[in-house]
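Next come the structures, one after another.
Below, chain A partners chain B and then partners chain C, in two separate complexes.
Right after this comes the complex of A and B.
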C-alpha cells in the first residue's frame, strides 16, 4: 500500500469513535453560554438602531425616557467620542496595489454624526429591567436627514456613488494584488481557449444557535473589566477589546465557558460590547445585553459577499496556462477585524486550486456599502476562491465539450509536484488529487451517470452530476506560537489548558485523545480547560478559526504530554533511585529496569509538582478533497433533491473520526445552505434588509441532505509530528462548487448564481426549455 | 413585548363580553401568530383573553354527513383524529403538514381561520369543502367568510366557536412549502361532492380563492389532465423575492394536478394521508 493510501488509526485510546465528552453537558441543557452569566445588581442594555441605510443624524432627543421607571442612563455617539471608542482593530494590509495606502474608516461604538446601515447602533439605554430599556428606546426621538444609500458593491465603486466615509474616497479602503499581471495577460492573449465567468459568492449570515450576548463588569480598584461574551478564543477577544478601547490587555478578564456556534462570526469584538463598558464604568454596575434574532440578522458580521470574475487560459491540449481573478469584496459599512484581510490572504494562498497553473494574478477591490459588516465565515475566502475556480473549470469543460473530470485530470498537480510553489508565492505542502479524485470518481460511478440520468428522465426528473476538487490553507494564526499547559494531580487526573476555544468543535474530546494517546492512559483521565481566565493572559496561542486548532493547539497537546513525560522522568529518577535516562515511561507509570521500581503518574504528582508547558509554531496545512454530488430536479416545481453525495477527503491523520465526520457533515450542509437558499438581501432602493427573519432567510433543513458517503484518502503533513491537516472548513469549500456544478449540469446551462431556489431553477427551466 | 392584562375566560359568553367591552383586547388560543407579533412589539393589546382551554371550543364529531371541529382544537388533534381520518382524510393530512410539531401542538383551527393568513393551510380546506364557520353570534358560509389578506367576515367582538365541514365524496390536499417559512407557496385543496368539484388555492394570492376554471373542467372529468390546458391568472397573485406571480400560478396548477392525481388513486391516497 502506498504511503498516501495508508490511513492508520493512529489513535487507539478509547477507540477512534469515542462519543464526545462535552455532548452530555451540551444536549441536556447544562452548558453555560454567555446569557447564562448574571451578576448581582446587573443592569440591562438595549440599543436603539438606525432604521435607515444612510442618514445624517440631525438630533437625538431622549428627554422622554425619564417617563419610564427604572431607566438609569442613555449613551450616544457623544459618549463614544468622549471615551475614544472609535476604531475597532483591522488586520487590513497597510499597503495595497502600487503602494496604495489602506484607508480604514472609524467605527465609533455608537454612531457619531451619521448612520451607515440599517441596524447601526445610535443610542444605548441602560435600565433596571430589560423591558424598561426597551420601552425607553421607543421614546428616543432621532431626527435624521436621509442620504442616498448604496447596497450593491459594483454600484458603490462607480463615480458619483453615495460616499459612506469622508476618509475613504470611492468607498474603496484598498485595492490589492496577488501574483503578477503581465504573464497572465500574455497567457490569455496566447491561449487556444479562454473561459471567463463571474460568480456571485453571495452574502450570508452565520445564524448561530446562541445569539450574541455580553455581561460586562467594571472593577474600580484596578480600573479593569470582566467580560463574558461568545468568543472563538479569549486571547483574541481580549486583544480586540484592548485595541477598540485603547487600554492594555491586562485591563480585560474574559470569562467564558460554552459557545453556541462560531463560524467566524465570533471573531469580532462588537461595538455593543464596547458601548457597555462605558455604562459599566460610569454606573459602577454590571451591564447585560442579549441580542434578539432580528438584531442578529441585522448586525452580526455577515459572510462571503464576494463577486469574483475568473478568466482561465487554456492551450490547445486543454492545459491551463494562466488564471486571472478579479475580486470585489463587499465589506458592508465598516471594516471588521477579520473581513478584508482574510478574504485576500486565503484566496491568494491557493489561487491555483489543485492545478498546475504557471501564471496567476489576483486583483482585489475592497468595497464599502450601506449594509452590515462582513467578517470571516467558515472558510473566509477559501470556499469563495475554490467556488470560482471550480466553476470556471466546469464552464471551460462545457465550452470545450470535455468531461469535467477529464479536464481536471489533465491539469492536476501530481503528488511528485509537491511541495508546490505557486505563482502567488505560497508553498503548498502535499496533496494527491490524481489518486484522490480517481478514488472518488470510481466510488461515485462517474462513468455510469448517463444511465442514472436516463432513469431519472423516465420519472420526469432532470438529473445532474457535479464534482469539485479543492484544496485550502488552514490558518497559520496571528500569534507566534501555540502553548499548552499540562499538569497532573495526586489522583492522576491530567489537566490541560488551552486558549483555543471550541464553539462546537469538540476540543474536550479530541485534545484529550491526543494527550491520552501520548500518556498511554484512559481518555477519561484527561480534562481540557479552554480559556481559563486566570491562566489565559499568561499563555500564548491562537483562537479557534481557520480550521487550525487541531493542527496547532492539538499538536501541542502531544508535544506538551511528551514534555510532561520528560519532566516526570527527572522527578521519578530520585524515587526510583536511578538516573533520569534510566527511567522508562508507559501507560501512566515510570519504571526502571535497573532498580525494578515503579511509580505512577498519580503517585509522583502527589509528591511533587508534575507539570509542563508545550509549545509549537505551525504554518498552514493543506486539506484537500474531491466531492461528487448528484441532484434530481423536479421541472414542474424547480425543487432540487440531492440524490447522492460523496466526499473523499485528505486531512492527514485523523484523531477522532466521530469529530471529523461531524465537522464534515456540518460543513457540507453549511455549503448547501448557501447553494440552495441562504442569502442576505437588501432592497436596492431603501437599503432595508429583506431577509431579516427565518420566514425569509432560507436555512437548510436536515432532510435536504439525506446521507453523505464519506471516504478518506490520506497524505500526511510533515509540518507537525502527528501528520494532521486542519479540516473544519474544507467540507464547505468542496460542497459549494460540487452542488452548483451538479445543478448547472442538470439544467444544461453555463452558470446560475446562488441561491438555487426552486423559483430560480424553475424560471431557468422555463427560459431554456430544457428537455427532460 | 409591551405590557397587557391577561384574562382566562371561563366561558364563550364571558370571552365575548370581555371582547365587546375592550376594543383593544385580543383573543388568545394557540398564540402561534399573536405571540410572535407581541414579542416583536408590533401589537399592543390591552387584554389577552385566553380561550384556549374552554371546553365549549373543543371536540371533534362526525354525524349526518358533517364533521364538526371545535375552534380551539389543535392541529395535532385533527391530524391524529380517527374521526377526521375516517370522514375527511385529506383534512387530517392537511393538519399534519402545518408548520412543525411545536406549531401543531399549540396552533388551533379556529385561530388559523380567524387570522386568515394568505399562506395558511386551513382556509383552503374550509373554502373547498364550503364549511360553515359557526361563531358566538351566527353561522357564516366559507364562500362569504374569506375576504382577502388577513381579512374575514368576523365582526369586532365576534369569535369562532366551531367549524362544520360537509363530508365530501373525495378530497385531497397538496402544497408546496415555502423553503424558508414552510408556509404554502401554493396549496390546492380539491374536493368532490356529488357532481360538484371545488378547488381552493392558498398561498399563491393575497387570500385563499377558488379556481373556478379548474372546477368546471374537473366537474366534467376528474383527472389531472383536465387542468393541463388551464392556467391560474397570475395578475392578482403574490410576488416577492421568493417567487414571481408566474411561479406561484404554476405551483397552484401543479399542486392542483397532484391533488387530483391523489383523488384518482383513493387507496394510495388514503395510505399517505394516514401518517
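Right after this comes the complex of A and C.
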C-alpha cells in the first residue's frame, strides 16, 4: 500500500477530512512560541560565555559596561553563590556498581571559580534593550588561567587526565551495571564464535528549530515567578526550577503555548533561566532572553555521545548465547537532569534487542569531559543500544558468511516467548518479529537484491542493503500517575486538561480523537488544553518525552471520557426519571428505554456540573519494527543516495495514522541526519567546538530521503485499554542501524563510524581498493 | 538611528530603529508580527523568510534600512478575506507541519518559489527547499504539500 492510501484513511472524523486542530494558528503566523512572549517593562539578558574549554577565573572586571546606555545590572558566579542556585536536579540513581555512591557535581547557574566548557556562562548582563546587553558583554574583561582540557571520554578516564571537578575523582560520576557478568563471560568463553565491535554513537544536538528562550517575571507579593520557556510539560519544568532554586514548586507558574520542537532538549531547566530569576527579583522587572543558534550549539543539551563495545557469543548453530555491552557515556562538563539516567535505564531495558539471549551484562561508565552537557535526545539510549546490537549482529553475519536476515531469524524471540523476562530484569510484553520481519523482507524483495546490485554496478554505483530489527520501552513515567480532567459546558463543548505538552506531536488533535471516539461525538467538539497554568499545579502527570504521551495521557483521555459518561448517567437518571443503571449513553445522548426520555450532554451540562477526572499508571509498552534500506554510492564522489527505504512497524493500536506516519518520517530522518552528516565536533587540543553553526553542522535537507514505504504489523498491548504502544522515537532507533548496515554492506567493510560523509565514504573506497 | 517607512501586509508603517537593526527584528519587535521566526544566525534555516517586493527573502539577511520603501508580506498577510493561500492549505492538508516553527518561513519560501517555477520537478522542489530547515517532518510531507499547492495554483 502506498502512502497516499494511508493518508486517505486518516483524519476521517464523522466522515469529513480535517486537518490538525493546531494547524490553523501555526500556518497563519498566530502560534505563540517562547520568544513571542513579552511583558510591559521587560529588560533583556545577554550572557558572556567562556571562550575556552577549561580555565580558572582569576578576575571579572565589568567597570566599563557603564559606557553602554541602558545597562541595568551585571551578575556573576558570586551572585549565583549568594542565591544558592548551584545544583540542577539529577535523576541519576544514587548508587552504582558495587554500591558506588554517585558523585553529582554542582553546576552553579553562573560559573564560580572555573569554567569547564566553551559556552559555560560566566556573566549575565541586563539592559533595557537586547543590543545594549550584547554590547555590554563585549566590555567585560575576564582574566583566565588556562587549564589543560579533555574532550575525549576515553582520555578523560585515564590516570593523569585533567580533572573537571574536585569532588568527581577520575571524571567518573558513577559506574553502573545491568545483568550478571559471570554467565556472559562463561558464554563468551564457551562460544563457537565471538563477535566484538566498538561503535561510536556520535555526539549530536537536537536542534529543534525554535532556539531556547525565556521570559521570567517576579511577583513580589507572593515571592514567586511566572516563567515562559519551551517545555515538554509544565509540571516537570516547575519541579526542576524548584530543585535548582531551592524553592517550592508552588513558587513557579509556567505559562506556555507552542513549543518549536523538543526531542528531549526541552526536558532540562537550564542555568540561564535560573540566572534570570536573580535579576527578575532584584530589579522587579520581567527579564527576557532569546538564545542565538550558536549559543544553542554550545549550550543546549547534546544527545547520544556513547561509545559502545558489544561482544556477542554464538554457538555452533549461530544461536546467540550471551551479550556483553561496555558503554562509555560522555556527559560533558556537568550532569544534566536526564542524561546518564536515561541512557543507562533505556539501554538496560531492551539489552537483548528482539533476540533470545539468555545471558546479558552491561557495564556503564559515566564520564565528564570539557564539552557541553548531554541529555535525552529522541530515544535517550534506545537508539544507541539498538545501534550497537544491530551492528554486532551484522558484523557476526559477515564473519560467519551468513545472510544477516537469516542470522536474525534464527535468534528472534517468537510471539509465544512473550511476555519475555530478559536477563537484565525487564518484562517485554509482546512483539512478533518473525512475522513482522518476514513481511518486511518480502515487501523489500530482500532476496532479489543481487539483481539490483548488479544493475547498480552497471551504472558504476555501489549498492548496499541493510536491515534493522528493533524494540524499545516506552510508557513508564516518572510521576506516579497520569491524570486527565474532562468537563462539558452548556453548549456541549468538551474541555480536556492534560499536563503532557506537545512540541509538535499534535495532542490537540490525537487526544481529541480519543475523547471524541469514547463519547461518540464530533472531534471538533473536543478542546484539548495542555499545561493550563492555573490547573496544572493541581494535576499529576508526566511531561511528553520518551514517546510515552499516547500510552499515558492519551489512554487516560479514554478513561476520563468513560468516567464522564458514568458521572453523566448518575446525573441524567433524575431527569430521565430512572435509576442510573437504566440510563444508556451513546453519541452525546443519555437515554432511557424505560422512560423513553433522553437528554444530551449539552442539556445535562447546562443544568448540572458535568465533569470527571481520569487517571492511570502505566508500565512500558514495547513498539518494535523492521526497517530495510537500500543505498547507492557513487564511488567517484562518495555521495550516498537512499535508493529505497521500507519500514514495518508495530505501534499497537494507532489513533491517528497521519500523525504516526509524520512522527515516523521525522524520526527516520533524524536518524538519517546522524548517519550522514550531523556531528558535534570539538577540537582535541583547544576544546573549541568546530560545528557551532548550521554551516558546519550538517542537518538533513529535503530530498535526502524521498519517500518511505511504510507498513504496519500490529500486536496490541494489553497494558492499557486501547492497545497502544508508544511511538515517536522508534523510527530513529530503527533508521540508525538500517542505514549504517546498508552503507557498510555497499562498501564491503566490517564497520564504519558515523557520520558517513562523502569524504569518509570516498576515502574508505580508496583504501579498500588499495587492499584489493 | 534610521527612519524606515515601509508597507507590511498592505499597511503603511514608519519606525525609528538603530542602524544595525535587521528587517526580521523590525517585523517581530517593532511591527509586532511574531509569525516570522528566527531559527539561526547564519541565514541557513529560512524560518525568517518573507516577501519583499514580491520576492522571497530571508529577513535576517536584510537590514531594516534596506527595506525602506519596500512592500513586505509576512505570513500574517497570506490568507486573504479569511481564505487560506493555497500553500497554507496544502501544508495543513498534507500534514507538512508538526511543531510549526519553521512553517511560516517554509510557506513564504514555497509560495515565492512557485511564483518563479509554477510546475517544478521533484529535483527542483528539493533545490527550492535547500534554504529551509525543518526538524520535525523529514520533509516528505512538505514536498508533497509543494506538489499539491502547485497543482492547486495552476487551476
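As a working rule, the second predicted complex is superposed on the first by the 750 of 772 C-alpha atoms of A that agree within 3 Å, B and C clash if a C-alpha of one lies under 4 Å from a C-alpha of the other, contacts with A are read in each partner's own complex, and residues count from 1 in each chain.
The criterion applied here is as follows: a residue touches a chain if its C-beta (ideal position, glycine included) is under 8 Å from a C-beta of that chain, and two chains touch if they have at least 3 such contacts.
Just so we're clear, the structure is a prediction, and the values are computed from it rather than from any experiment.
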Q. After superposition on the shared chain, which partner residues are touched by A:503: those of chain B (first), chain C (second), both, or neither?
A. second
Q. Touch check for A:695: first (chain B), second (chain C), both, or neither?
A. both
(Q) Just to be sure I read the superposition right, which of the two partners does A:159 touch: chain B = first, chain C = second, or both, or neither? (A) neither
Q. Can A:98 be said to touch chain B (first), chain C (second), both, or neither?
A. neither
Q) Counting only touches as set out at the top, which of chain B and chain C does A:757 meet: first, second, both, neither? A) first
Q.
For A:294 in the superposed arrangement: first (chain B), second (chain C), both or neither?
A. both
Q: With the two complexes superposed on chain A, say which partner A:33 touches: chain B (first), chain C (second), both, or neither.
A: second
Q. Who touches more of chain A, chain B or chain C?
A. C
Q.
By the touch definition at the top of the document, which applies to A:260: first (chain B), second (chain C), both, or neither?
A. second
Q) So, does A:448 touch the first partner chain B, the second partner chain C, both, or neither? A) neither
Q. What is the shared patch of chain A, the residues that chain B and chain C both contact?
A. 131, 294, 694-695, 699
Q) What part of chain B is in contact with chain A in the complex they form? A) 1-3, 40-41, 176, 179-181, 183, 241-244, 247, 250-251, 254
Q: Give every residue of chain A touching chain B within the complex, in rising order.
A: 131, 134-135, 138, 294, 636-639, 676-677, 681, 690-691, 694-699, 757-759, 762-763
(Q) Could you list, by residue number, the parts of chain C that touch chain A in their complex? (A) 18, 20, 33-42, 44-45, 47, 74-76, 78-79, 84, 88, 91-95, 97-104, 107, 122-123, 125-126, 129-130, 132-143
Q. For chain A, which residues count as touching chain C in their complex?
A. 7, 17, 19-20, 22-24, 26-33, 35-36, 131, 206-211, 258-263, 290, 292-294, 503-506, 658-659, 661-663, 665-670, 672, 693-695, 699-708
